[in-house]
Structure formats: C-alpha cells, structure tokens
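One structure is given here, and the rest of the page talks about it.
Should a chain be cited, it is by its letter among A, B, C, D and E, assigned in written order, with residues numbered from 1 in that chain.
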C-alpha cells in the first residue's frame, strides 16, 4: 500500500462516506465482491450492504472510512467483478453548525457513527439541498432563523427515536446535492411515516429540495448476494 | 425461506407495493417468469400483470404483499429470465389522514385491496407529488384546507364509480414521488376522461405535480407473454 | 384472435392512437415489418409511416384503430424485426369540449380522421400540455375564458387551411403530456410558419408547454424502408 | 432518384438545414462516409464538417440544401458506416421578421449562405428559444419592442464583424428549440468573447434560453476523419 | 503535424482547457493511454490526472494548452485505448473583467496557471452559471454591483489560501455552463468547507447555479491507472 501512502489524502476529522448503488447487468464474480469487502474492512472502513427494490439499483454499499483511495479501490474491485455502479454519493460525516449544544459523546457519534444498527434493517437513502429561490432562499436567512428551523426539524425527528436512525452526511462541494440522508428503520412503514411527517416541518416545507430515493433492506453481504446473484 | 425470516422486515400494517415496468430486450425465458410469478403468489403476494403501450415498457407487474424480500426475489428472477426492469415504484397501501370518516370495511379495503378487478382491464399508473412552491405550497396549508381539497377531489372521482377503480399508494420516503396512482378502467377512454376531469379539481389545479404515465391492458400473465414474447 | 377477444378492451368512441418512433440500431428484417403493417391494417388500423430527420428516431409509425391489443401486437412485431422503439405517444381522437358548434360531419372527422392526407407529406409531431403555474394556470380559468382562447387559436390555425392538416389527440391520463399534435404539410416551411405563427396566440403564449418535436417526411412504408434500411 | 422525386417535398424558399453530431463508437468505414459526403454534395447540398471537443460528440456535419430526403439519405449512410448520431438539429434558413430593412443581397445571403467561411475555422453550435414566463414573455411583447431588442442585439453582434460569422436558422415546429445558432470564428476565444458580450444584451438577459453548446474546429472531411478515425 | 498546422486555430491569449471524465467500461490498453499523455505533453499541454469517486466517472484528465487539435487528438487516443468519455468541459483561462486591480504577475498566473499544485491532491470540478431569472438576474445588474459581489466572493475565498487552489475557467459560448471551477485541496474536507462557506456569499446565494460535481484524488497517471485498471 506504499503508493497509496505516498499519494494519500487521509480525512483528518470525521469520515469520508461513499454510497455506491449497483446493478447486476451480467455475470458477477461473487468471490471478487466478497474479497473486496474484506479488504475494505481490513483497510479500516465500515461497510453496510443492502438489497434495493426497483429499477434504480439491485444493491447498495455504504462505505465509511478515513482513506478515499481505499474506497476508490473497493469501487474498482466490484466493477471488475461485474457490478455496474449506476448511482453514487460522495459525502463526509460532520457536526453541523447548528449542533452547538451537543455533548462530546453525541458529537463523537455524529463524526464516527457505528453502522449498520443491528436491529434496524429497513434502508433508504436520498440526497437533498436547501433552496436558493427568490422567496425560499435558505442561504439568505440569518443564522438564528436557520438554527430555529433546524431545531424544530430535530424535534420532529426525535418522535421517531428508537424506530429510525438518521445519518446525515455533508456533500457541498463533493456531490450534486448538499447533504445525503441515510435512514435505517424497523420496516418500510417507519421510513415512510418519518419522512412524511418531517415534510410538514417549516424548514422542509419551504426550503428542502429532494433527489432520488433508494429503498431496500440491510443484510449481510452474503445474504444480499444470495438473493440477487444466486449462491 | 429461513434466511428471509432471519433477515426479514415484514410490513406490520397494510401492504408493500412494488410496481415493475420491464422491457423485452433480448431472449426471455418464459418458464422462469412463470415460475417467479407462481412463487411470488405462493409467498403471499397478489400479482397484477399488464401489457404496456409505447417505448417506456413492454409489460408491467404490480406486486402487493407483506414481505419486501419476497418482492425483491421476484424482481431478481424476472431479471434473470431476461426482462430488463426499466422503471419501478416502491410504495405502501395506506388509510390517508383525510379518511377519518371511513367505515372499518372501507379502511380495510384501502389497506388490503383485492386486485386485479376482473372486469376493469384498461390500466394506467402514474406517480405524483404535492407542490411546495411559494404560491402553491400544499404542505403550508392547514389540515382543514387540505382536508377540504381532498374531499372535493374524492367527490369528483366518485363520478367514475364502477367505471374506474383507483388505488392510491403512499411513497414519501420510499420513492421519488409522494404517491403512486394505479387506475383500472373499462377502456382507455374512461381512464382519460377520469384524469382529465380531475385535473380541474382545485387541489390538482394548484398543487399536483405528475410524473410519467404508463398505459396498457391488464391480462393473465400467459396472455401478456403470448403477445410480447411469443408462445 | 380468440384470446384478444376474451381480454379485449375495444375503444367505444373515436380511435386509440399509438405513435411509435423507432431507430435502426442493427439488422432489420424488412419482411417482418411489412407483415406487421399488413396485419395491423387487416385488423382495422390506419397506419401512417414516415422517415424522421435527426438523432431522435429514424422512422415513425402512427396507428389509429379500435383495439389497443392489436396496436400492441404491431409494436411487438416491429421490435422483433429489429427496430428499437425510442419514443412513443399514447392518445385518443376526441371532439374537444370547446367544439360545441361543430357540424356532425366535422365532429365525425375529428373522431375518425382519414390519414395520411395524400398530398401533404411533410410531417411533424409534438406533445403539449397546458400550464398550471401561479400566474399561468389554464385549469384555473373559467370555461368561457378557455373557450375564447381556443377560438382565437383555431382562427389563427385556419389561415393555414389547405397547407396544413392538424390532428390533435388527447392523452391526459394516458401519456406524460396532455395532447399530441400531428401536423401534415406541403413542405417543412409550412410546418414552421404555422407553429411559429400560432406561438403568438394568447393561449400558446401564456399557457402552452411543448415537448420534443419529431420532423420528417410521410411516404409508403416501402419507400421509407428503402431509404433507411436498404432494399 | 425517381422515388425521391415522387415522394419529394422540396423546400420552396431558402434551405433546409440538418446538423448531425456523431460519435465514433466502434469501427467506422471511412469510404462509406466519404461516399455519402460526395453524394450529398452531388445532390445539391452544402456540407460543413468539424471535429468536436468533449463527450457530446466526436464530429459534426451541417448540411444545407433543398431536399430533406437527400439529407435523410446522408444520415442513413453515415449511420450505416458506423457513426452513431448522438444529437441533431432540424431547421431552415430564413429572413427574420425583424430584417425588413435589409438589402436584397443581404436577404439572399441569409436564405442562401455559402459555408464554411474559409478563414473562420473555430466552430460552435447551440439552440435557443425565447422565454414565455410570466415576467419574461417574449411572445407577449409588441412587435415594436421585439424589433428594438433585436436591433440592439444585432448592433452588439456587429462589433464582431470579420471575426465571427453567425448563421441563425429557424426551427419552431421542426425541433425542440426555436432557433439554431452556428458560429464560425477565428479561434475559440472569439466565440467565447462574442457570446459572453451578447449575454448582456437586454433581449438575451431577459428572454433567451440556451440549449447545449457543441464546440470544435472546422476542417475538410479528410482531415476530420484522420484525427478521429485514423487514416 | 503538418495538417494540424494547416488547419490550426491556436489560442492567441491564455490557454484552452479540456476536462475529460472517463469510465473504464471494458479492457483498457494502458500503453496507448500513457503514450497519448506523453504526446499531449510533448505538444505543449499541461496534463492533470485524477481518480474520481462514484458512478459519474472513474478518472479525469484536465488538459491546458494552446492547440485544440492537439487536445482533440488526446481525446481520440484515450477513446481508442478503451476509455469511454462520459462527461467533459470545454473552457479557457481568462483574466476576468472584475480583476482590473491585479498585478501583472497575478494576471499572468490566471492566464497560465501551473498545474497540478504538488501538495494539494484532493480534487473537485463543477461548472456554474449566473442566473437570469426575474428577481435574480446577474446580467441585469450594473457592472458596479457585479464587481462588488465578486470582490466579496474573492474575500470569502481568500480565507482558504494555502489550503485550496481555485482555477476558474470561462466557457460562455463553448460549453453548457458559463464557468468551470477546478479546486485542488489538502483533503476532501477542505473542499467541502470552502464551497459550503462560499455558498453564503451574496453573489452565490442569489445568482449562482451549479452543475454536477466530480470529486477525487490527483495522482500521477501511473498511480491512477494502477488503482483503476490494474498494472
């Protein structure tokens, strides 16, 4: 790994997060995928795998780690195994500017989440941005106004504590949308109820723009591949 | 089905609904498609099949059931048979928040519809969302205003009772649009008349955004495959 | 054709219209295309064929008939012959709600047009919808206002009588746009002059949204295939 | 060419213009492309060829002539040679309604331009339309207001006389945008300076909507093919 | 290179810049890519290579030079080697109209940047334009207002001096967006912090429209190919 070290650009604070959504377009070499997963974990990444419903993707990987070169290697390997990466998201964990009041433990949990949460196996991912339109311009609001809208949003989300784990990662400058939202829930109904409820929050109602939604079920890589590729 | 049980995330209330739109891009193994359909039904899903007109898809499947893993297996199998899934929709049946006055039987029919309705063989599906623009923001309306607009919408739809069966499923947090609308009618003209009429409802006129429309004819899988793939 | 009869959903009033735009992507079996055309006509459809200019399609078919299963069979056959259907439009002939004053003969001509008009061989097709924006909302206008705008539009179009035949078909609920417009003209210049002129009609200026335009030349299927596939 | 004559729809005034942008996706039979070019010219078309920079296309052809069937044949031939037409534009030369004061010679030059201009080898093409939004609606302006905005636009363009040749062709009713703009310049910097300067014209600032830009270098077909396909 | 000379259109001031984003879709002939890179540099181009994260591309090249034909040859060669160019950007270096106060050395550095900056290996590219909407119309502002907004923007950017090198190149008339922004940073977190911070600048908040973001890591071509294609 000498070259990677030489060329390395490790993430100094928090984790770099790479979501990869892939399709099974032809024969897939399972053993290469499995080996790629092992090496990604050995190189310090957390790896979540999920089966995805519908035409946008057959499966999803969420990689969290310090070294983007290691994440790029994982991508090259699964492509080499025959998976076609059809969608992706590049982001980073962060403690948001509105989270001033968080305890040190909570800040640490935002920067270094431990995934997947064992009992919450329903999965969805969507990217979002804040609007900058004439009458709905998030970036023209004062910090105080934004902070208050975010606090209301957080309160609305807390009603789903225990049922939903929400992981928001930041992507301004890194991907087409400003944030990525990864939800883990008990079942698909909880995901739906949570996002529907929060759509009435004043911040979402006026300022949120949502990208495509990817929905599925978290499982061991072995189980995901069994269902999609055959054993 | 042991693994599915272990990893399972069954839908506790109502049904998970997976619409799959597929193209015949090359040779299709009919027997695998037929076997997949049998297994999906055996695993507790209702399955509607339809031929679709035009370039977006050659055929459609609508799966309703409790187990998303079972629906994902159906998708994997038809892909494996050579069908290319070109579009899809992930949603759930629901009793909407505006349906407070419904009888228990009607609520049950919304959560557990019985499909396809034998005599209504014209088919269309389209997704929709409510607008959140400065002057047309559904989510900024009071519950009373929304409830009244939905009641007017329902009345307008009831003029088509007997000619059209409308199945609205919820997808906020699950797919790119907030609802999926599946219509079953006597003929294509009824579908057109119904949607055209409802476009003048105040709720649709100001607040509805519509996605792509998929139009075709419901038939037994056997008949659909005869017409599309040859026997 | 027994099965189609059993599963049939014939159009009770007017005609179902299927526009198919196709590309020659590889070897095409001419005889299958020719056979499909013969059968479609034998099953009661009118069939217009045209060569299309540019990347969107190489050729177009416009099918008008009573039986959507018959139109779907035509599509399956030309796909099977090697044509790739790249775009399409599903619609129906209609007597619009603003055509109250039409004579019975004119109403009949709208429901049952006879195509193609022999001498008008320049062809274009485009879909359109009426806007539902805050300040440009067609569906929020009164019937009287809409009727007046349509009358002005009709008058502006009548200046092209004899040079242009306009066939407007309805697709609300059937396809992504609300109407399809098929124009037949003496040459491409007449098509351009007609559409450009009508863009200044108040109804078009404020309320019309246009989709992609497909432009070409109507000819016998034999001639079209000679030019595109070789004899 | 008897059949084309029979089915012909020659352009009575001005020229029909077909822009074809193509990719080299696999082996290309140079001799078929060269033969197609010779026949197109022999059938009375002017033909401009250019290499294009970037992913949208590898090369461009601009055909101007009287007979759209002849242009369609050229397209069929280069497709048959292995070029994949990835983008296109169908339009016509015209004397615009704002050009009343032009001399007969200048009107003739608009209807029958002679291309390519030998010394101006930098090339770009882009389509454009005029807006029809509530506060920026070109088609709701009076003729006098439009004429004045166009005159200002023309004056701003004349600052580039000798450095830039601008060919504007009309496509309302023929293609997705209302006009196509083909620029020929001394170098890419002149193209950039010209379009950037004109973006501050009041007409462009408020009413113009621009489509994709295709940029490259005009050269003999032989030179273009040498650079792209090899000799 | 005689033909290129004959047909040449060298850039008289500053450099022409070609960004190419490419996918590894099948077997890639490394030696052709390496040879193409050597010849591009021998012909006077600077060449930056980077691995890209996610589905949009596997790797990126940024070419800066005087001769667009030489850049086109590089593109043809890497395509010939098996790389599929999936996205691109055509632009030029410039001294912007708001940079009147710059020293001669700084103006020279804008026209002739030296890339890549050795120590800044995190990479992102995105295109952008200024809005021309009714209430957010950059081109309807006075020069003084634009100059002031750009000065504020510059100040906000200077907070990242040493951490981020920003290269803005101009593309009005050359590509779909008006400017391309290439950022080089110490790590992905610096890129994110810089772009997020600048989004609150008044000019960005009201007038900027952003295209897709491409994010990755700069490295020697050899290292990039090792990670993506294998050695």
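Criterion: a residue touches a chain if its C-beta (ideal position, glycine included) is under 8 Å from a C-beta of that chain, and two chains touch if they have at least 3 such contacts.
Keep in mind that what you see is a predicted model, and the values were worked out from it rather than measured.
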item: Chains contacting each of subunit A and subunit E, listed by label; value: none
item: Intercentroid distance (Cα basis), subunit C paired with subunit A, Å; value: 45
item: Separation of subunit D from subunit E, taking each centre as the mean of its C-alpha atoms, in whole Å; value: 28
item: Contacts with 2+ other chains: residues of subunit E; value: 134
item: Contact graph of the chains (line, ring, star, complete, other); value: ring
item: Subunit E-touching residues of subunit A, taken from the complex the two chains share; value: 3-4, 7, 9-14, 16, 18, 20-21, 68-69, 71-73, 75-76, 79-80, 85-90, 92, 132, 134, 137, 139-140, 170-176, 178
item: Of subunit A, residues touching subunit B in the complex; value: 24, 51, 53-56, 58, 121-122, 124, 126, 133-136, 183, 186-189, 191-196, 199-200, 204-206, 208, 210, 212-213, 215-217, 219-220, 223, 226-228, 230
